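Same chain, two partners: chain A is paired with chain B first, then with chain C.
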Partner chain A sequence: MNKIVQKVAVAAPVCAVFLLFFVLPVALMLSASFERIDTLTLEVVERFTFAQYFKFLTDSFYLRILLNTLWISAGTTLVSLLVGYPVALHMSRLEGLSRQIILIIVLSPLLISHAVLNFGWLIVLNSNGLVNSTLRSAGLIQTPLPLLHTALAVILGLVHSHLPFIVLPIENALRSVRPEVSRAAVSLGANSFRLFRYVTLPLSIKGIVTGSVIVFSLSASSFVIPVVLGGVRVRTMASVAFEEVMLNLNAPFAAAVSLLLLAMTTIAVAALGWIGRKLQPPALVQQAAKPASEGAA
Partner chain B sequence: MHLTLSSVTKHYGDVRAVNDVSFSLTSGERLSLLGPSGCGKTTLLNAIAGFAEISSGTIRMGDADISRIPPFKRNIGIVFQNYALFPHLDVEENLYFGLKMRGVSRRDARQAIGEALEIVRLEPFRARYPHQLSGGQQQRVAVARAIVIRPQILLLDEPLSNLDAKLRHEMRTDLLRILDDLSITTIMVTHDQAEALSLSHRVAVLNQGAIEQIDEPEALYERPATHFVAGFLGESNRFAANLTGIDGSFAKIALPNGGEWRGRATGSTPDGGPVQVFVRTERIGIGPSDGAGDNGISGTVRTVIYLGEERRLVVDTAAGEIVVKLSARDRLGSGVGDTVSLCWSAQDTIILPGGGR
Partner chain C sequence: MTRAITYLVLAFILLPGVVLILTSFTEARFVSFPPEGFTFKWYVLAAQKPEFIASLKLSVIIASVVAAASTVLGTATSFLLRSLSPGLQAPLQALVMSPLVLPTVVIGISMIQFFTLIGLVASPVAVVIGHVIVTTPYVVRLVSDSLSALPRNLEWAGSSLGAPDWRVLVLVILPNIKVGLIGGGLFAFIMSFENVTLSAFLATPGLTTLPVLIFGYSDQALEPWLVAVCSVTVLLTTALVVLLERTIGLQRVFSAKG
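Now for the complex of A and B:
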C-alpha cells in the first residue's frame, strides 16, 4: 500500500503538469471544435456539430494546405537528414576541442531567435538579396528569381532552425558504436561504402528515427518561419489556425484545424516509428533482454 | 603464410611508438608481443592490420609487400580485445559478414560457417545475438568470425584480458586447442606473460617501442638477455654486484656487503666489472645450503603473505630485501621476526652486465 502511495507521490507533479498544460487544453479545444458560432455576434449557435470538420475536409483549399504542411514537414525532415547525417558522422569521430567547436556551430540556430534567423534568410533570399544579386552580377539571370515566399524558402528556414535536433540524436547513436566494431568490419574486407551500408547505418537507425520524429513534429507545428518566409503564398496549418482565431475570430474552426494538425502529426510520427522498427535490426529492439550468465560456456 | 617485418618504425609526432622492429614468422608459427602498456605492441599490431600506417620499414606477407595495402584488402583475421562483434547481427550473420564481403553466396557460406562454429564449439548458438552470449562465448565467436574468412594471418589483441580470472584459465586451454587445430600464422598482443608463454611458439618482449628479446618461451624465462626482460618476466630479486672472475661455467660475484655468490656464466657474460644479479622468487628455498654450487644468505622475516596456493615471504638480509615465493608444499613454520637462511642454486643466479638501477 505504502509503495502505491510512493509511486503516486512521485508521478503526481508530472501528471499535474501534463493534465494542466496538455490534456486540459486539448480537451477544451476538442469541445470548442464541435461548436459553431455566429461570426458576427460571436455567439455559439450550435453546441455539437461536425460542421467545422466538414468545412475543412470538403474544401480543397484547406486540404491543399494540409498536404502542403505535410510535404513541407516531410521535405524538411528529409533535407535535415541528408545535411545532418554527414555532420553527425564527422562529429562522432572527433574528440575534445574540435568536437566542441562543431557542437557549438551545430547548436548555433538554437542560440539565435527565430526572428533574427528569419531576417537573415530574408536578406539572403529577397529579390535584391545575396543570391539574386550574385546571380545577376554573374550574368546568369536577368530578372530576380522568386526565392522568397516559396516552399523552398520555408524548408530552408525550417532545416536551419531544426538541424540540431537531428544531428544530436544521430551523433549519439553513432558514438555508441565502438570504433573496434568498424575496424572489425574493415578487417573482414568491408570498404568504406560497405562499412557504412552494413554496419554504421544499421547501428544509427535509432538516432535517425528519433531525430526525424522531432524535426517532423517541430516543422509541422512551426508558425513563425512559414509565415515570414512563406508569406501569403505558402500557407500551413499553423498559419491558418492563427488567422482563423486572430483575424476571423472563428475559434471553433481554428480548434478543428489545430486538432487535424495534431492528428496528422501523430499519424506521421507513428508511421516513422513503425518504419524505424521495421528497419531496426532485431537485436537492438530486444537489447534490454537479460544477457546470458557468464561462464555458461 | 610467412610474415616478415623489416625495420618497421611508427612515429606519432616526435614519439617513436614503434622503433625499428624486425622479425619474421614462418608459416603456422605463433608469436606473442609481450610488454607493459605503452610499449608499442598495440601500435605494432595495428600496423600489421593496416590501421596504422607505418612511417618507415616494410611488412611482407609471403612475397608481397603489404605495407601500403589498405586494411580491407589484407586478408588478415583480427580478434579484438573487446571482441567487437556486430551487435545488430546474430552469430551466424557475424560469421557471414566476412564471406559476404568476399562475394560468397549465403548457401556456399553455410559449410564454412558450420566448420568455424564447430572449431569453437558454438554450433547451438548460431541464432543468438552477441548480447545474449557470455564473455567466453563472445570471445569464441570473435575467433570464429576471424578464421571463417580463411585469413593468411591471424591477429589476437589481448584475447583473454576481458574475461574474469577463472574463465581466463579455461579459455586459455580452449584457445590453445583452437590455435593448434588451425595452424595459422598468428601474432598475439598481450601484457599477460602466462598468456604469452603458454599460447605461442616464440615471444617478443617489447619495451619503449623496440624489441628487447625474441625467443622461445622457456629460453626467454630462463635466459633473459636484458635487465628489462629479467625484471618483466616472472618476479625477480635484483642485486647490484661486481663480477670478480669466471670459473668454468660459473661466475664469481662479490656483493657490496662483502658476501660472495656464484652465478651462471654464459657466452655473453663479461670478464669483470659491475653486473646486475637476478634471482627469481620461486627459485629460492628456505633451509641450510646443501650443494657446492649453492648461494645462501640469512635474514629476518619481515612479512608473510598467505595466498592460498603460495606464500610470499619478505626477508630482510644484508644484501637488502629479498622476496621468496614458497609453494603450499613447503611447510615451514617461519613467522615474522624469525631468522631464516635462504638458499638457491648458482644455475638460478642470472648475471647480466651493467651498473646500477
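Now for the complex of A and C:
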C-alpha cells in the first residue's frame, strides 16, 4: 500500500508538469488553428473554421513556400547523407582516442547555439567574407558572388548543424556488422566497389533511414538558420509561422502553418520508412551479419 | 579515401567556429575576412556592453535553474518509469519523450499562446518552463541508462539489512547513478544556454538571453564585439563538450533509443 502511495506521489507532479505545460498548450494550439481573428483588433470572429488551412493551401505564394521547404529539407538530407556516410564508415573502423576525437568534433555543432553558428557562416559567406576574399585574391572573380540569402546558404547551414544526426545512426549500424562479413566478401573476390554496393551499404540501410528521418524533420522545422542565412528571399514554412505569430500576431494562422508542417514531415517520414523497408535486406541476412553475441537467437 | 573525406568534413564542421575565433581579433572596425592585425579590444568592449552582460547573466541564471529543475524532474521520472508495470510505462515514456519528436516551432507557438493566455508572458519563468520541457527528456534518457546498469541486488541488500527506503536511495542508489545525474544536469545546462529556437518565441525586450541577443543582431552589419561574444561562447561550449565526453560519453545522450 505504502509503495503505491509513493508512486502516485511521484507520478502526480511529473504528469502534471507535462500535461499542463506541454499537452495542454499543444491542444490549445490545435483548437486555435481552427479560429479566425480580426487581424486589426485580434478579436476572435469565428470559433470553428478551416479558413486558416484554406488560406495557406489555396494561395500560390504559400504553396511555393511549402515546395521550398520540401526541397530544402530533401536537399539537406541528401547532402548530409553524401557527406556523413564516409565519416561514419571511417569512424566505424576506429577505436579509442582517435574515434573519440572525431566524435567530439562531429557532435560539436549540436552544442553550440545556432545563433552563434549562423554568425560564423555570415563571416564565411559575406561579400567580403572568407569565400569571396579567397576567390578574389586568387583572381577567379572580380565582383563578390551573392552567396548569402540563397537556398544554398540555407542548405549549407542546415547540413552543418544536422550532420551528427546522420553520422551516429549509420556508424551504429555499421558497427553492428561483424568484421568477418566484409572479409568473407573480399576473400570471395569482391573489389572495394562491390563490397560497398552489395555488403556494406545494404547492411547500413537501417542507419541511413533513421538518420534521414531525423535530419529531414529537424531541417524542415528549423527557422533560426533559414531566417538568417536565407533572409527574406528564401522562406520556409517554419520561418513563415515564426513571423506570423511574432510580427503579425496572427496566432491562428501560425498554428495552422506549423501543423501543416507537422503533417508534411509526418508523411515524408512515413514515406522514408517505407522506402527503407523495401531496400532492407531480409531479416535473416541482417541477423546473420551481426556479431556472435547479438546474432545468436 | 574515406579518411581524406572525413578530414575534409571535419574541417567543414570546425569552419564557422574557427572563423569566429580568428576574426574576433581583427583590428578593423567592420568584420571581414581575412582579419586585419591582432587586438583584444573587442573583448574589452564586449565586456563593457551592458546588454551583453545583462543577457549573459540572464542566460546563466536560466540555464542553472533549468538544469536543477530538469535534473530533479527527470530523475523522478526515471525512478517512476523503472518501478511501473510495462502497461503504464509506455504511455508515461511517450508523454515525457514527446517534446523531442515535435517540431520546435510547434512547441514554440503553442507555448507563446499558452503563456499569453495565462498572463505569464514576458516572464523568465515562462522561459524556464519551456526549457525544462525540452531538456527533461535528455535527463530521463541519461538517468534511466545509469539506473538500468545498476543491479537491483544492491538495493535489496540494503533493505534486507534494515535500511529504510530513503537511506537506500541516498546511500546506495544515488551514489551509483552519480554519472547519469551530473551528465544530465550538465547537458540540460548546455541545451538551455544555447537554445535559441524556443527562446526566440518566449523572449521579449528586456528578457533576451544571449543566443536571442546574437540572433537579433544577425541581420545587421557584423560588429566585431559581437564576434568576440560569439567566440567566447564557442570556447566555453568546447570546454563543456570535452567535460561531457569525459564524464558520460556524448554518444549516450544522442543515441537513437528512448
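Operating definition for what follows: the second predicted complex is superposed on the first by the 257 of 297 C-alpha atoms of A that agree within 3 Å, B and C clash if a C-alpha of one lies under 4 Å from a C-alpha of the other, contacts with A are read in each partner's own complex, and residues count from 1 in each chain.
To be clear about the criterion, a residue touches a chain if its C-beta (ideal position, glycine included) is under 8 Å from a C-beta of that chain, and two chains touch if they have at least 3 such contacts.
The model shown is predicted, which means the values in this text are computed figures rather than measured ones.
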| item | value |
| --- | --- |
| Touched partner set for A:Ala184, first chain B, second chain C, both or neither | first |
| First (chain B), second (chain C), both or neither touched by A:Ile141 | neither |
| Partner chain in contact with A:Val44 - chain B first, chain C second, else both or neither | neither |
| Contacts of A:Ala16 with chain B and chain C, given as first, second, both or neither | neither |
| First (chain B), second (chain C), both or neither touched by A:Pro164 | second |
| First (chain B), second (chain C), both or neither touched by A:Leu279 | neither |
| Superposition-derived comparison: chain B or chain C, residues of chain A touched | C |
| Contacts of A:Ala263 with chain B and chain C, given as first, second, both or neither | neither |
| Chain A residues contacted in one complex by chain B, in the other by chain C | none |
| Interface residues, chain A side, partner chain B - complex | 178, 180-181, 183-191, 194, 198-199, 202-203, 281-284, 286-287, 289, 291-297 |
| Residue ranges of chain C in contact with chain A within the complex | 1-3, 5-6, 9-10, 12-17, 19-20, 23, 31-34, 73, 76-77, 79-80, 83-84, 92, 95-96, 98-99, 102-114, 117, 129-130, 132-133, 165, 190, 193-197, 200-201, 210-212, 214-215, 218-219, 222, 226-227, 230, 233-234, 237-238, 240-242, 244-245, 250-251, 254-256 |
| Chain B - residues contacting chain A, complex | 49, 51, 71-78, 80-82, 84-90, 97-98, 100-102, 128-137, 140, 145-146, 149, 164, 166-167, 170-171 |
| Parts of chain A lying in touch with chain C, wherever the complex brings them together | 3, 6-7, 10-11, 13-15, 17-19, 21-26, 28-29, 32, 83-84, 86-87, 89-91, 100, 102-124, 126, 128-130, 133, 160, 163-165, 168-169, 172, 210, 214, 217, 220-224, 228, 231, 238, 241-242, 245-246, 251, 254-255, 258-259, 261-262, 265 |
